[in-house]
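The next part holds the structures, each set out as structure tokens.
One chain, chain A, links the two complexes that follow: it is found with chain B in the first and with chain C in the second.
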Partner chain A sequence: MKILRQTWAVVRKDLLLEWRGRSRILSVLLFGVVTLLLFSFAVGPDSVMLRTAAGGFLVLALLLSSTLSLSESFRVEQELRAIEGLLLLPVDPVALYYGKCLSNTFFLMLLAPVLTPVTLILYSVELDFAGFLTLFGLWTLAAAGLSAPGTLYAAMTSRLQSQDVLLPLLLFPLVIPVLMGSVKSVTLLLTGDPMSQIQSWTLLLASFAIIYWSLCGLLFPHAIEEGS
Partner chain B sequence: MSQRMTKIHLFGLVGLLLLLVGSYLGLFVAPPDRYMGDVQRIMYVHLPSAWNGMLCYLFAFGFAIASIWQHKPKWDALTVGAIEVGAVLNALLLIQGSIWARPTWGVWWDWDVRLTTSLIMFLLFAGVLALRSFVEDPNQRATWTAIATIVAFIDVPLVYFCVRWWRSLHQVQSTPDTVSSAMVMPLRLNSIAIFLLVIWMVAQRARLEMIRHQKEQVDEPARMATVGGLENV
Partner chain C sequence: MTSAEQTTIAVRSVGLGKRFGRQWALAHCDLQVDAGQAVLLAGANGSGKTTLLRLIAGLYKPTQGQLTIFGNDPNRERMTCRQTLTLVGHDHYLYSQLTALETVQVWARLSGCEHSDDQLLDLLEEVDLRHWRNKRVGGFSAGMKKRLTLLRTRLEEPRLILLDEPFSALDTDGQKLIEDWVQRFKSAGKTLVVASHNLPRAARLCERAVFLKEGQIIWQGKATDMIQQLRLTS
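And then the complex of A and B:
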């Protein structure tokens, strides 16, 4: 129970800090919208092609925005060595990991209500209410899958000078299953799924999230040991 | 120590000799493939590279777990040795695959399951080496390398199945039952040869890493003394 209390305290701290500043989520949202706009310029005004690729663009916008959000989550902990204070309190490193992971997942989930309507408008795609709910479920799984290794790597790279280069370098090849699973399932949702393939891709997303939430939770205490 | 080094060099020497014999048999004695002709002969280095590269990553995974468990420099040295040799074999695999794909499939690259998985695997472990190069503290470097290796290795089967669902073109894997016995011998010889060379190279790379580690241990107090001295001024 203690670990749950501590995890909740970490989530609450992150949400409260973000609510007071609101700079992180606003900049990440804006970045996501700009990315969607850039993709449409890259493909051109061909509406059929844009509609076909809409799912991929939406997921890529999430992936690219996630690195900003993830790196920011530990940058604030490195300022004035706040993370050392947290560990001295003492907060269990496992609770710290899951707290950070949950808040990172939550921040990435917040992108969905903004980026989805922008995608629908820019790429002329239609989606009913049930489709919206399914998309939000898929988005949550993708956000959870990105956050698990992303939080671990952000904790490590935030201590290095080359964080901006290293985090995507480590994260992008690793989350290719998340990218493929979410691109396929979102595209099937937007363009039709006659063979009912979404379930298989959803299962893949869920498996990735479960594996990496467990594995990274085990490894995180080692990652933040001072001079371990 | 020197006796152990001689034994390790023996692995390299025997590996090199076997590779020469295996390649001679593969290039000049084994018959050409009925459909692909001489192009198929690249298989005698391509498959051993693939098997041994994967084996290197498996070793790296084992060494990484040991490194986190015991915090001994030798496990870190072996981890980095296995990853580097694995990455070299992986890069060779991709190059040989492209050379083979051009006359066989008509393209240098195709989004086939094993090709794509090999490329992603290479990027995953190259990322681990990049991370390592940015960490100065030796203990932290060892722990983070081990963590990144474990995280990357667990991803490989997921990537494989994911790309397999996505699409597949690669021919079905051959087994000794499906190929001529004249082709099996050079393939086996080269696989053993590259395996022996892998042991030799990983051991050499690990030795180099241990020397670097020892040098860092010597340099660190001297550096701290200099920094301390400057602060006192």
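And then the complex of A and C:
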């Protein structure tokens, strides 16, 4: 129970900090929209091609935006060395990890209500209400799958000056299974799934999200303290 | 580790050392601080005072030697050690976007303290920050940040308090506040390790002193004796 209370306390703190620094989430949202715009310009006016690539571009926009969001979440901790203050408290580092992971997942989920309509408009895709709900579920799984290793790596690189370069370099290769699972399942959702493959891709996505959440939770205490 | 050691010896280090790259910040440090004692760490900038405090606090892992806090190894029994100590250091460990009240609320929740908001406001009153409770700490002066950080020693109720340059950035009232608090901690039987350049003031609060030079302990004894020797040599 204590660990749950501490996790919730970290989530509350992060939500409050994010609310106070709203400009950060706005810039991440804007970055995602601009990414989608650029991808659509790169493909050109071919509506069939746009529709086929929509799922992949939507997930790539999430991935690229996530690196900004994740590195920001630990930049706040490094300012005035607040992270050391947390480590000096009798707080279980696992609670610290899952608290930050949950809040990072939540922030990435906030991108969905903005990026999804932009994608539908730019890429000429139609989606019914049930499709929206399914897409939000897939988005949540993708956000969770990216947040778990992203939070770990953001913590590891937060003290380094080259964090902005290192974080994507470390994160992108690791999240390839999440990327594949989410691109395939979102594309199948947006373009049609005549062979009912979406379930197996979703299962792959969910499996990797669970693996990352378990494994990174075990590694985080070492990552956060060894750096000293 | 004996149960007597757990209760009577707050800090014990044997051959303790910390190296950053090729540079030894602290080397061959043998130190014992008895429970309830107040010890002053003195020495020039870069002598290893802050490194020693951060090793004791568990923020650094020793490169060599052994360290125990009330008989516990800070690397193996991390949580037990963290429940017993607090470090108030150079850095303030604050979030500039949070208000003073929100900051202590976050600390209280994470420490598992059952303080009500009224109790937290009373604590803010003690450090003259009640009127500033709804102001963001990013706009606070260094002295106000230090006073706010000092509240951690009251929230967590630790047995061992580590103070790194407690008088820096504080005005006369702020320094008096620290003195009063240290006296109160001593009366409550808490152990204190204070690193300071303000030797006359710090020596009044501590019975023992340890002098460090270039990462090594070169003198240990009564704090008053150290002040006397420094006067003679200067």
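Here is the rule we go by: the second predicted complex is superposed on the first by the 225 of 228 C-alpha atoms of A that agree within 3 Å, B and C clash if a C-alpha of one lies under 4 Å from a C-alpha of the other, contacts with A are read in each partner's own complex, and residues count from 1 in each chain.
Keep in mind that, in the parts below, contacts are C-beta pairs under 8 Å (C-beta built on N, C-alpha and C of every residue); 3 or more make two chains touch, one makes a residue touch a chain.
The shown structure was predicted, so the numbers you read here are calculated from the model rather than taken from an experiment.
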First (chain B), second (chain C), both or neither touched by A:162: first
Chain B versus chain C as contact partner of A:21, first or second or both or neither: second
First, second, both or neither for A:92, with chain B first and chain C second: second
Partner chain in contact with A:122 - chain B first, chain C second, else both or neither: neither
First (chain B), second (chain C), both or neither touched by A:173: first
First (chain B), second (chain C), both or neither touched by A:9: second
First, second, both or neither for A:33, with chain B first and chain C second: neither
Common interface residues of chain A - those touching chain B in one complex and chain C in the other: 225, 228
For the chain A and chain C complex, residues of the former touching the latter: 2, 5-6, 9-10, 12-13, 16-17, 20-21, 76, 79-82, 84-92, 225-226, 228
Chain B residues within the chain A interface of the complex: 68, 71, 120, 123-124, 127-128, 130-131, 134-135, 137, 139-140, 143-144, 146-148, 150-152, 154-155, 158-159, 161-163, 165-166
Chain A-touching residues of chain C, taken from the complex the two chains share: 54, 57-61, 78-79, 82-83, 86-87, 89, 91-98, 102, 106-107, 109-112, 136, 145, 149, 152, 156
Chain B-facing residues of chain A, complex: 149, 152-153, 156-157, 160-162, 166, 169-170, 173-174, 176-177, 180-181, 184, 200-201, 204, 207-208, 211-212, 215-216, 219, 222-223, 225, 227-228
